[in-house]
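Letters A, B and C name the chains as they come in the text, with residue numbers starting at 1 for each one.
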C-alpha cells in the first residue's frame, strides 16, 4: 500500500496545484452562475430581442468545445479585442481560462434555470398577478425560491463538469493541478510504468475528492433547503398567540 | 429586507369600501373559440353575484379577465369607476393602459383560485403577509398583526407557521382566502373555490365566504357549482352559456322559476348529481 | 390488445347498427411504433451510414501548412482566414472520425458497464459503480496524459497516438453511456415489469417486446448528446497526444506564421458548424420518438 504514496515534497507541489485549480473553479463558477441566471431568465423574457440574444449565447456556449473556447479566449481574444478592452491585455491565463469556463458553464446553466422556471406551476404566476406583485418581485420572492430546489442537483453535476474542465488550463500554459503533475512526470518516468501509475492514481484521486467535495456541498444545500421547506419553526417563525387573536 | 415599493405602488390599505364592476361590449376569444361575446354586465358596489353555467361556457373567463390573467380582445371593463384596460387621454378618448395603470387599478381586486395557488415555500402567515409588505408597503409588524387577525378569522391562527404542504385542502383554501383579503380588495373574485375539495371540507370554506358576505365590505363575484350555497349568498344569479348571459335575476327567480329552456336543462342536469 | 388504445372510440353510427348480428368486423391497425415511422427511421439510418463512412475513410495525411504570407499590420484578415479553410476542414474531419471511433468503443463498453452495475451481486455492482463514478468525475485530459505517459513508460507497448485517443475517449464516455443505458432501463415503469410477469412472458419476449422498445426512446437521444459531448472533448487529444485534429491544425499554423487570431477563430466557427446541427438533430430525434404514455 505504501507504494502508492508520493514524497511529501511531491504532495506539496500537488497541493499548490490543487489550490490553483480550486481558485480557477471558483472564478468560473461565479461568472457561470451569474450568466446562468441572467441568460436563463432572459430566455423567457417578453422582449423578443432579449430572448434572441439569450438564445444565441446559449447555442454558442453549448455548441463550442470548451478547449477551443479556452484557446480562443487565451490566445486570440487579447490580441483581437485588446484595443477595445485594454483590461484583457496582460491578464493571467488563470483569469482568462476562468472566463472561458464561466462562459461555457453559463450556456448550460441557463438551460437548467430556464427549465426549472418553466417547471413552476402556472397557478403560482397567476397568484402573483392576483396579489399585484411586480414581475421582479414575482421572480425574486416566488419563482426563484421554488426553482432553486430543482436547480441544485443538475447545477452540482455541471459544476463537476467545470471542475474537470479546469485541467484544460494546463495546455495553454496556465498553472493548476495538471500542470503541477506534469512538472513531476520526468522524475517518475525513471521509475517506469509503476512510477507514473502511482503519480497519476494520486492525481486522479485528488480530482475525485474535489468532485466529491463539490457534490457534498450541493447535497448539503439541498438538505438545508428541504428542511426550510418542510418545517419552519426556527427563528423566522411568527410567535403565535392564539388567545390574543382568536377573539377578534 | 428591502422592499421594492415605489410611491405609485402604494395603495392605502384602510377600508376603501366595495366597488362596482362594469363590463361594456367585452369580447374574448382563444384562437377560433369565442368565450365572451359582447358582454355587458353591471355589478353594483357590495353586490354578490353568482355565475352559473355549464363548463366551457366562459364563466371562469369573466373572472380571469377581471383579474387581468387573460386580456380582453375588445370592449372595456371599469372597476370602481376606473378603466382597467384603458386610460383616458387629456382629449377624453381611451387608449390602451400602461402596465403601471393596470397595476394601480388591479390593486382593488382580489382573487381566490380553484387550486389555491398558495406559495409552497412560505408558511401560511408568510403567504398572507407577502402582498401587504411587498406591494402595499405595510410594515412587517402591521402586516403580521393584520395577517394573524385574518388567519384567526378563517379559523387557522394556530396553523400560521405551517407550510401549505402541512395543511388539508380546506385549510389551504382558507389560507388563500385570508391571503386575498390581506390586501383589503374592493372586489373579490372566487373561482370555483370549493370544487377541488373533499366534500366534508367544503363547509368550512363556505362558512368563511358567508362571513365575508355578511361584513358587506366587498363586492363579490363567484363561480360555483354549489347551488344551495348560491341561493343562500347571491343577490343575483347569472346563468351563462356560450359566452353570453342567458338569464339573470334573484335566486328565487333563476333557480326556482327559470324563464329560459337553457337554464332549466342546466339546473336539471346539476340536480341529478 | 394494445392497439385499440390508439383508436379513438367512434360513436356508433347507423351503419354499425344495421350490420347483421353475429358478424363482427374489426381491422387491427398497426400501432405507431417509433421505429416503424419513416420520418424517424430514414434520418437515423442516414446518420448511421454517414458515421460509418466517417469511421472507415481516413483523412489525407500531411503537415498543416499555409501558403500565404499575412500582413503584419492588422490583427485579423479575411483573405488569410478563408485561405485556411481547406486545411481546417481536414483537421475537423480527423476530429470527427476520432469521435465516432471512440464512441463506438464507448457505446459497447458502456453496455457492459451498465450490466455489471445492475448486477445483483454486490461484489460486482459496487466496484463497477465506483469505477464508473471515478472515471466520470476526473478530467479526460488527465486520463489522456496518464495513458500517454504509461505507454511511454512501458517498453513492450507501442501505440499510435490516435489509438490512445480512441481508447481514452471510449473508456471515458463508456461511463456516461452506461448511465444512459441504466436510466433508460429504469425509465420503464415498474408496472411494465409487473405486467410482463402477470402475462407470464418469457425473458426474451419481455426484453425484446416490452422493455427495450420503451427504453430506447430514452437512451438514443442521451447517447446522441454524449456523442456531441465527446466531439467537443476530442480536440483535447490534439493538445496532449498531438493527434492531427482541428486544434492541432490551429497550433501548427500559429507556430509557423505567428498569426494566432485567424486559425483559432476559424476552428471555433468550423466547430460550431458541425456541433450545432448535430445537437439540433439529436433534439429532433428526441421530440419525434418521445413515447406517449397514459
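General remarks:
As a convention for this text, contacts are C-beta pairs under 8 Å (C-beta built on N, C-alpha and C of every residue); 3 or more make two chains touch, one makes a residue touch a chain.
Given the structure is predicted, the values throughout are model-derived calculations rather than measurements.
Look at the CA centroids: the one farthest from the centroid of chain B belongs to C.
Of all chains shown, A has the CA centroid lying nearest to the centroid of every protein CA atom.
Between the Cα centres of chain B and chain C there is a gap of 53 Å.
The distance from the centre of chain A to the centre of chain B, each centre being the mean of the chain's C-alpha atoms, comes to 44 Å. Work out the mean CA point of chain A and of chain C, and you get 25 Å between them.
Put simply, chain A touches chain C in their complex at residues 59-60, 62-69, 71-72, 75-76, 79-80, 160, 163-168, 170-171, 178, 181-182, 185, 189, 192-193, 195-197, 200, 203-204, 207-208, 211-212, 215. Within the complex formed with chain B, the chain A residues making contact are 121, 123-124, 126-127, 129-134, 136-137, 141-142, 145-146, 228-233, 237-238, 240-242, 245-246, 248. By the touch criterion stated above, chain C contacts chain A in their complex at residues 75-76, 134, 137-143, 145-146, 149-150, 152-154, 231-233, 235-236, 239-240, 246-247, 250, 254, 260-261, 264-265, 267-268, 271-272, 275-276, 279. Residue ranges of chain B in contact with chain A, taken from their complex: 4, 9, 67-69, 103, 106-107, 109-111, 113, 115-121, 123, 125, 130-131, 134-135, 144, 147-149, 151-153, 157-158, 160-161, 163, 165-166, 179-180, 183.
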